[in-house]
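So, here come the structures, one by one.
Across the two complexes that follow, chain A remains constant while its partner is chain B and subsequently chain C.
Up next is the complex of A and B:
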C-alpha cells in the first residue's frame, strides 16, 4: 500500500505541471494589459510601467515566465505576488478555508441526503415514493444553480425570516459559522444530491438482486439486516468514487454559489483574478484545486481497497 | 404476504407419523409482462429424516423454484403461490407469518447454492459470514462465534481453518468456497438441507469430494436432504429416491435403484440414455430431441408429448395423472408399461 501511495504521488507531479502550464498559457493569451488595468483610466508613467513589467517578467516569452513561476512554487513554496504586491498565499489563506468549508458542508449534505433518498427509493421501487423521488431529482438536475440559488435565497432566506421573525438561514456572508453555510451548501450540492440519489438507488437495486443477498435471506436474517449489512455495504462501493471525485467539482462549482451568497472564498477571488488578468492568483487557485482533486482521488482509491477486499494495490 | 392463522412453530420432534417435509400439490407462478409463467404446477413429494431425495430435471423444469418456495426466498411478487402446502413436521409453512418463517429459515431448513463465489458476500470474511449464524440466531459474542466457525470449517475439512478464518471468499478455490457454503448451512444443525446443484460449478474430482462430504454430514446428523441436480451421475451414489421434474411437474418418482434399472417415463429414459458411457465410446451421444417447453405457453395434454417417441393421440389432449406403479413408484405417462418394458423407440 505504501508503495502504491508513493507511486500515485509521483504520478501527480506531471498532472500538476501540465495543469498549471495550461492555465498559465490561457491567461497569457487573454487580451488586454494587466499593468494598464492597474491604473484604470489614468495615464501611466512609462518608466514605472517598464519597472513593473520587468519585475513581473512580463516581457519574457511564455515558457520563461512559466519557469519563473513554477520554480518559485516548487523550490520556495511561493505562489507569487499580485500586481498590487500582496503575496498570493496571504490573499488566499482565509478564503481557501471558506471555500473548503462550503464544499465540505455540501459534500456532507450530498452524502446524507443522497444516500437516504436513494435508499428510500430503492426500497419502494416501482411505487409512488420511488417515482416521486426520481421525478424530483430530474427537476433538481435540470434547474441551473443560478436559479435554485436565488429562489432558495428568496424563499428560505428572506420570506422565511419575514414569516418567523428570526433568521434561520443567513443569505449572505460567512460570519455566522456553520449556519452561514447551510443554504449555500445545499444550493451547491443540489445537482450532486440528485445524481447521488439516482446512483444509490441503482446501486442498491442491483445489489439486492445478487446471489449473496439471497444467501443472506436463506440464513434466516431479518430483512433489515439483509439490506442494512449485506446490501448497503456492497452498494456503497461505487458511491464512494462518485463522492470523492465530486469534492473537486464542488470546489470548482463554488464560484457561482459564492457569488450568489457573497461568501469570501476562492471562487469569488478566482472570478476577480480572471477579470484583472492576475496570473498568479488564477494559477495559484487552479494549482490548489488540482491538488485537492488529486488528493481526493487518492483517498477514494484507498477507501476502495478498504471497502472492497477484492481490490489490493501492490 | 401476511397470514392471519396463529403462529405455531413446527414441533421439534415432529408430530405422529408426519413426514419431515411434505409438499402437497404445490403451484408457483410468476407474473411477467409477457403473461403468467407457471413454473411449478402441482408438485408433491415427501422427505424423511436421514433420507436423500434427488430432484432431477433440466433448466426451467421448476426444481429450483420449488426449493426456493420451501425456503421462502422467492421474490413475491413477481412470484405467487396460488395453491398447495409445504408441511414441515406437520405445519404448513405457507400459513406462517414472515417472522415465524424467518425462525425456520437457516436454522431448521437450510440451503446450499450453486455458485459459491456469487452466493458468498464478497466484502465479509468467511469467518464473519459463518459466525453470523451464531451471533444472530444464538446471541453469541463475536469471539465465541468465530470459535464455532473454526470448528465448522474443520468439520467440512478446510485445511488450516484457523489461519483462513479472516480470508475473503475470493481467496479460496471453488471447492473450498463450496465447503464454506456448506459449513454456513449446517451451522445450526438444520433438519432439512436443500442443496441446489451444489457441484455444478466445480470440476469433476472436486464434485465427488463435495458429494462425499454432504453424504457424510447427513449420516452424522440424520438430516433430510434434497439434492437438486441435472446430473444423473451425481445422484446414483447418494440419493435414496428420485423425483424427475419436467415442465413444472413431477413426471416420475422412484427409489434410486429402480429408476436406473428401468425408467418408467420416456423423459427419464431419455435422460439416462444421454449419459456418456465408456462402452459406447465413439458412437454419437444420445440427446432428447426438441426443446424444453415454453412455460408461458405449455403444450396441451402431456407437456413432454412434442418430444416423446411414445406419443399417441391421447397424449396431445389428456394430461396424464401420476399413475401408481408400486408403493414407491409413480409415473406421469399414459404408456408407462411400454416404457418400463424397455420397448425401444
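Up next is the complex of A and C:
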C-alpha cells in the first residue's frame, strides 16, 4: 500500500517536469513581446524596455530561461516574480484557496444532487419522473455557463435582494464564507450535475440487472438493502472516476464563473498570465493543476478498493 | 494483503485535508446600516503594478494613489488649475518655476512634507535604471537627459540639475525650454512626492512601500495591499490632513472587480457605492434603473483613425483624407455601436478640456455625397485597409467605419485585426503595415497641449506617440509659441492655432470623444468626478 503510493508519487515527478517545460515553451512561442504588452498603447522608452528585458532574462534562449525558472523553483522554492514585482507564490496562495473552495463546493453539489437525481430516475425508470429528469439534465447541459451564471446572478442575487431587502445569495465577491460560493458553485457544477445524473442512472440500471442483485433479492433482502448495499455501491465506481477527473476540470475551467461572480481565483489569473505572457504565473498555475489531477487520481484509485474489495494494489 | 482499511484511512485523510483547507478562507464581513464606520465603497479594477506613483500610468492604481496623496495642484469644476499641496506656483519666463509648499501637510508616518521629498521622487522616476513607467513626464526638466543616456549606456548621476530645494518649503524647477503648461502637469500621479521611508538601502523604492504607500493625502492605507490576494483596499481618513475632509464618513474601501458587468449588478444591489465607468451593456437600462444616480459627462479621451503618412504615399493627398473623414457617420457610430458612451468628434481637442471649439473640424461632418465626389476627383486608392487591436473592444466600430467607407466611397475595404496595439506599432515602426489604423489617446494632463505635442509634433515621431509620422514645421512652431505664452489665455489661443493646422492637414481623423458614464448607490450622494477621472472624496456624503 505505502509502496504503491510512493511509486505513484515518484511517477509524478517526470510528469510535472514535462508539463512545466511544455507550458513554458508554449508561452514562449506565443507571438508578441511581453514587455510591450505592459505598456498599453503608448510607445515605450527603448532603454527602459532593455532594462526590463534584462531583469526578467527575456533575451535568453528558451532552455536557459527555463533553467532560470526551474532552478529557482527546485533549489530555492521560488516560483518567480510577476512583471509587477509580486512573488508568484503570494499571488497564487490566495487565489488557489478561492478556486479550491469553489471547486469543492461544486464537487459536493454535483455528487449529492447528481447521485440523488440519478438514483431517483433509475428507480422510476421509464416513468414520467425519469423522463422529466432526463429532459431537465439535457437543458442543463445545453445552456452555457455564461447564461446560467448571469441569469442566476440577476434573479437570485440582485432581484431577490431588491425584493426581500436581505442578501440571501451574495451577488458577487468571496467575502461571506460558504454563502458566497453557493450560487457560483451551482453554476460551475451545472453541466457536471447533468452528466453525473445520467451516469448514475445508466450505471445503476445496469447494475440492477446483474445476477448478484437477483440473488440478493432472491435470498430475501429488503429492497433498501439490495439497492443501497449491492446496487448503488457497485454502480459508484464509474461515478468516482468521473468525480476525480472533474475536480481538476472544475478548477481549471472556472474562468467564466469566477469572472461573473467576481471570485478572485486562479482562472482569471491564468487568463491574465497568458494575455500578458507572464510565464511564471502560467507555469505556476498549470503545475498546481497537474498536481491536483495527480492527487485526485490517486485518491480515486484508493477509493476503488473501498468500494470494491476485490481490487488490490501492489 | 487486503488493503481496504489502509485505503480508507488514506483516502479519508486526504479528503479531510482538502476539506479543512477549503474552510480556511473567507471570514464573514457583513455590512449593513449607514453608520460612520461602514466604508464608502468604490468599484476598481486590479491595479497593474504595486502602488508606486512613478510606476503608475493606468487608471486603477492612479485612483487609489489619488486618495492617498495630495497633488500639488487640482482641477476645479471650471477646468481651472487650483493649488492643492502647493501654496503658489510662479514663473517669470515659463522656464524657471518656483513652487512654494502649503504649510501643514505631513506624511502618514508623522514626518513633515518637505521640498526634498519631491526632488527625491522625481529623480527616482526619471532615472532609466529604475525603469519607471512615468519617467517620461520629466522629459522637459533640465538634466533629464543625464538620467536617460539611452539603451546600454551607464547612468552617471542620480540627480536632475533642474531640481533644487531652495529651502524646506520651496522647490525650484528649471526646464530645458519654456513650457507654459507645466503648472497644469503637476496634478498628475507622476508628480507626487515620496517620503524618505519609501527608499530601501539600495536607493530603490521598496516592495513594502509599494504595498502600503505612505502618502500625505486624505486617506491612509489600513494594511498592506497584497496584490493578487486581497479583494479590497481599505483606507481611513488621516487625522492630520489639513484640508477639507468628508463630512459624515471616515472609511473608504476599493472593491476589486474583474468585470464591470458584475460590478454593475453589485451596484444595483447596493453592495458597492460608486462605479466610475458603467459597462456599455448597462447604459440603456442604467438611466431608468439609477435615475439621478446616473451621470454622463465628457471624458478627455479621443479615438482616431490614423494613416502611415511617413511611408505610404497613397494617403498623401489631404483631399483623400478629408473624403475618408466625411464618409464616416460618427453620430450613428456613437449612438448605436457605442450605445451613447461616445460622442461624435468634431475637434482635435476634447470637450472636457479648455480650448475645445464645437464644430471646429469641418471635414468631421458626415457628407457622403461630397465625400464620394472628392474621393473620385483626388483619385483615392481603390482598396483600403483598416487595422485595429482585437483586445480592446474595437472590432465593432472599426467594422462600422469600414461599412461607411464601402458604401460611401465605393471602395473595397478590408479590416485587419492585430492581437495587441503594440503589434500595430511594431509593424508601423518596421514600415511593414500600409493600411490605416485605429488610434486612441487618453490625456496625461488636462491641457490642450497634451492633444498636440505628444501625438503630432515632429519630435514625437521618435520619442512620443506620433505614429503617423506627421511633420509640419508650421505646426511645431505654433505649439512652441503656445509653450512660451505669458498667460494661460494667450497660450490657449496659440494652441488653437496649432489645432487649426491639424484640422486642415488631418494627419489623423478624429472619430469619437469618450464619455464618462458613472453610477452611484442609494447610500451616497454628491459624487463628483474630476478631469483626471478621479473622485473628489472630500465632497462625497453618505445619504
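Here are a few things to note about the model shown:
Note that in this section the second predicted complex is superposed on the first by the 304 of 314 C-alpha atoms of A that agree within 3 Å, B and C clash if a C-alpha of one lies under 4 Å from a C-alpha of the other, contacts with A are read in each partner's own complex, and residues count from 1 in each chain.
FYI, a residue touches a chain if its C-beta (ideal position, glycine included) is under 8 Å from a C-beta of that chain, and two chains touch if they have at least 3 such contacts.
The structure displayed is predicted, hence computed values, not measured ones.
Once the complexes are laid over each other on chain A, chain B and chain C both fit without any clash. Using the contact criterion defined above for the overlaid structures, shared-chain residue A:55 touches chain C, although it does not reach chain B. When the shared chain is aligned, chain C comes close enough to touch A:161, but chain B does not. Contacts of A:28 after superposition: neither chain B nor chain C is touched. Of the two partner chains, both chain B and chain C are touched by A:309. Once the two complexes are laid on top of each other via chain A, the angle at chain A between chain B and chain C, using C-alpha centres, comes to 160°, given in steps of 10. In the superposition on chain A, A:5 contacts chain C only, with no contact to chain B. For chain A, the partner touching the most residues, choosing from chain B and chain C, is C.
When the shared chain is aligned, chain B comes close enough to touch A:210, but chain C does not. Of the two partner chains placed by superposition, A:195 touches none, neither chain B nor chain C.
Looking at the shared chain after the overlay, A:93 reaches chain C, while chain B stays out of its contact range.
The superposed arrangement places chain B and chain C with a least CA-CA distance of 9 Å. Counting contacts as defined above, chain A residues 309 meet chain B in one complex and chain C in the other.
For chain A in complex with chain B, the touching residues are 210-212, 214-222, 225, 230, 233-234, 237, 307-310.
Contact residues of chain C toward chain A in the complex are 1-4, 6-8, 10-11, 14-15, 18-19, 21-30, 48-50, 57-58, 128-129, 131-133, 135-136, 148-153, 207, 210, 226-232, 255-259, 261-263, 265-266, 268-271, 391, 419-423, 425-426, 439-440, 463-465, 467.
Residues of chain A touching chain C in their complex: 1, 5, 31-33, 36-43, 45-48, 50-52, 55, 84-86, 90-95, 97-98, 100-101, 104-105, 150, 153-154, 157-158, 161-162, 167, 170-180, 258-262, 264, 268-269, 275, 295, 298-299, 302-303, 305-306, 309, 312-314. Remark: chain B residues 71, 73, 102-107, 110-111, 113, 115, 118-125, 132-133, 136-137, 168, 170, 181, 184 touch chain A in the complex.
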